[in-house]
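Below you'll find the structures, each written out as structure tokens.
After this come two complexes, each holding chain A, first together with chain B and then together with chain C.
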Partner chain A sequence: MSVLRPLDKLPGLNTATILLVGTEDALLQQLADAMLKEDCTSELKVHLAKSLPLPSNVNRPRIDLIVFVVNLHSKHSLRNVEESLHHVDATFFLGKVSFLATGAGRESHCSIHRNTVVKLARTYRSPLLFCDLEIGDFRATMAQRLVRMLQICAGHVPSVSALNLLSLLQSSENPSLEDL
Partner chain B sequence: MDSYDAPESTPRQCASSRLKDYFIGATPLQKRLESVRKQTSFIPTPPRRKIPQCSPLQEDVDPQKFAFLLHKQWTLYSLTPLYKFSYTNFKEYSRLLNAFIAAEKQKGLAVEVGDDFNIKVIFSTLLGMKGTQRDPEAFLVQILSKSQLPSEHREGKVLWTGWFCCIFGDSLLETVSEDFTCLPLFLANGAETNTAIIGTWFQKTFDCYFRPLAINAFNLSWMAAMWTACRMDHYMATTEFLWSVPCSPQSLDISYAIHPEDAKALWDSVHKTPGEVTQEEVDLFMDCLYSHFHRHFKIHLSATRLVRVSTSVASAHTDGKIKILCHKYLIGVLAYLTELAIFQIE
Partner chain C sequence: MRREPAGDVGRAKEMDETVSEFFRRTILKIPMTEMMTILKTWNFLSENQLQTINFRQRKDSLVQDLVLLCEENRASLKDAALLDIIYTQFHRHQKVWDVFQMSKGPGEDIDLFDMEQFKSSFKKILKRALKNALTIASKHHQIVKMDLRSRYLDSLKAIVFKQYNQTFETHNSTTPLQERSLGLDINMDSRIIHENKIEKERVQRVTQEIFGDYPQPRLEFAQYKLETKFKSDLNGGILAEREEPLRCLVKFSSPHLLEALKSLAPAGIADAPLSPLLTCIPNKGMNYFKIRDK
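After this line comes the complex of A and B, so read on.
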């Protein structure tokens, strides 16, 4: 149906597009603003979505990186992300998908255990980033990081591909964790 | 975590563990460092837990002894191990603490001068408040007001109560040396100023550290499931949940009350393995409540924050306040709280 595929459109000239998926509208908006403020040689396009599938009637450029944002304070956001993941083609998970967990700083508000998200990221073999998007400085740092990742995924950084980045981001795991 | 506790607890006997060679002759500090390192890389909460049963040690203790602990609101703190604490020095400790409190009140802004010097501090042991034989004995500290009239010999009113306990604290007891007494859970009832003064005295005397124990929504939903799973003869209170919706200008509170027998029926339909509670069952139990609420009110409770859980067994608030209502499951409730306290210390 309307499954997102990484290579079904032609890339725009010097354009890199990121899709942020999550239920926390305010946080996504702030993160998008922070990313657009970043100095970048490529032209950045940030798309925000509450959930997938995206409406098919809109003409949108090729998406280079999808970031699923989970708020550890809300189980609803986790369910939303889990359902949206079904609408992403498997080939996207070769370095073009990332998970971002927010809200880990305020332990007393957390209703999802940190390891639930870790397991989710491991199942989809994608990197998991932790960032408290409510705090301005952390958000700016994360925006910087995402812009660099986006440039790599769009192919704008010579000799580094999304797959290279993925293997670099995999942390050295304890072999027993593979059983999860 | 249970499968990793085994190599730690029996380092000499576990032959197949790769950690065996490391742990033989390891000092307690090395063991602690190893356990802290492991905590950060493995799942801290076990995917399954035992439903709190009547502890065999509690069977022989008269339930009347612990009756004064029930139906009171306790504020929770986690406490690091006490250095050179001795159960035989209670009289000495009472004397010192009494003097300390008098001194503090004197230099403070005590308005009622007369009453403040007529207090008495009593230390006493709570026998039987433990999970296994290895757990240190729980003890109780009470501040009583001395009766004004010399003819009355009875004890004065209890102004403040605090007790220290450790229930099934094996993971902490492993890694601590002989000089330390591990009583990670501290419960206090009474004026906040008294708690602060007593806390300061303990911190100075035994080189320990108190921290308020907050209970997050994840643990509250575990408590709700475990306590609903407890078999009760008759239910004293309705099962009630309270959620806080983060919205501006002031947060909204949603309260959801269920008849306790309905909650138990729901739990029984979700529950599969007898004697154990798993993460999936807890999630399913809460999801049923959320979807029922959503069907009627179109509000996603899963996007809000669970703040308070109240059942016939006990009631807990996210700020670290607990009230235990049922003496049968007292040990079970305390065991879970001890686990949270130990996790906070580590």
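After this line comes the complex of A and C, so read on.
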């Protein structure tokens, strides 16, 4: 099936796998490098994909966390993510999906409004992170966060599940007008 | 009372003042770090003469001393012009260069080009418009300005004479994207898996076929003047019903346009192959295009 499901495979021993989906390969590559530099008790694997669905004839480990990367400078990158989302099973969105928006720092280059990605993340009930991936320090910090999130989603952190994390992240957001 | 032939002396003095001013302005343009090199290249003032000048003083005083020295040595307008040309050679990037193409009319012989004859003819008829002078001097009939402009002379030469595979005026980019070479690296870390490896390889191959392995000649912009009717996918847009062509100018700017275009597809910003309108630039020797409906 071309739809990704979170629990259709057995986990690897002490392995945590993240899938980064986005059009700009260079940025994804750099983020992957930064993540792998982190000290981590789990064995990390980073899969990079331009879009979903993934090639079907490949043997790959269970994916614990999907991060959709949107470049606010590129409508093409947003469209790509929107189309890829259709190939993810609904059960993934229980804390195992996150959105990452890059490029907010250079406002003059942004062709996508911040609110567009905010609405997208809200629609899919998933956290939205902002990070200018082009900047080394910010990228390193984001890499740290993603590694911690990944460990939780892979079940490597005792007493904290992906769903716990999700509810923790969501309660820190400002409530929208509709919610009030 | 003695009457001097005021006319000639007056005129000579005027000429000197103009030439002095020309010298002053030309020398003033030269950065202090290049002063010695350029003066030596010019070779008008001798080593001994240059040694009499204090090169450590403030620039305006230095310039004054140099101009005086030129006056003492009866430097002419020609010498001043030569100095200006040398300065321009050192600072060729500060000017935007046009390219002209000479061609024979149909059915004419291609004479062997005689440099000496060219030089003497050229000097004789320099008073006429430059275009005519070149045409007659080289016995060519047509001289056409090419739609090719750039600051980088070496790159223009390479494009026109199709001499790639050399190092050009380099551009140092500090963007992080340049740290990672385009697309497909030998991935050192086996913990990173590219799901779309096949596609990446295809893009890399297509890019290499179009742009080659060598560094690209350096251009700063490409300009497309569109005079086409608006084409719309949607039925019945306001613009779609217009009969007149839509006039639109699209300009791409970059410190190094061709390298930037080469990196678009591997970086995932554009699909490969790129539009032929972009990739034809070095082959056609153009970076100014007019696009009309057929």
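Please note the rule applied: the second predicted complex is superposed on the first by the 169 of 180 C-alpha atoms of A that agree within 3 Å, B and C clash if a C-alpha of one lies under 4 Å from a C-alpha of the other, contacts with A are read in each partner's own complex, and residues count from 1 in each chain.
Going forward, a contact is a pair of C-beta atoms (placed from the backbone, for glycine too) under 8 Å apart; a residue touches a chain by one contact, two chains touch by 3 or more.
The shown structure was predicted, so the numbers you read here are calculated from the model rather than taken from an experiment.
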item	value
Chain A as common anchor, with chain B and chain C clashing or fitting	clash
Chain B versus chain C as contact partner of A:K50, first or second or both or neither	second
Per-residue contact with chain A, leading partner among chain C and chain B	C
Partner chain(s) touched by A:S74 [first = chain B, second = chain C, both, neither]	both
Which superposed partner A:T23 touches (first chain B, second chain C, both, neither)	both
Touching partner for A:D33 - first (chain B), second (chain C), both, neither	second
First, second, both or neither for A:H109, with chain B first and chain C second	first
Contacts of A:R60 with chain B and chain C, given as first, second, both or neither	second
Candidates 146-154, 254-262 or 272-280 of chain B: the single one with C-alpha clashes against chain C	254-262
Chain C-contacting residues of chain A that also contact chain B	23, 74, 76
Contacting residues of chain C [partner chain A, same complex]	175-177, 180, 182-183, 185, 189, 191-196, 198-200, 266-269
Partner chain B, residues of chain A touching it in the complex	23, 73-77, 79, 107-113, 115, 174, 177
Interface residues, chain B side, partner chain A - complex	41-45, 214-218, 221, 286, 290, 300, 302-306, 318
Chain A residues within the chain C interface of the complex	19, 22-27, 29-30, 32-33, 36, 43-51, 54-55, 58, 60, 74, 76, 134-136
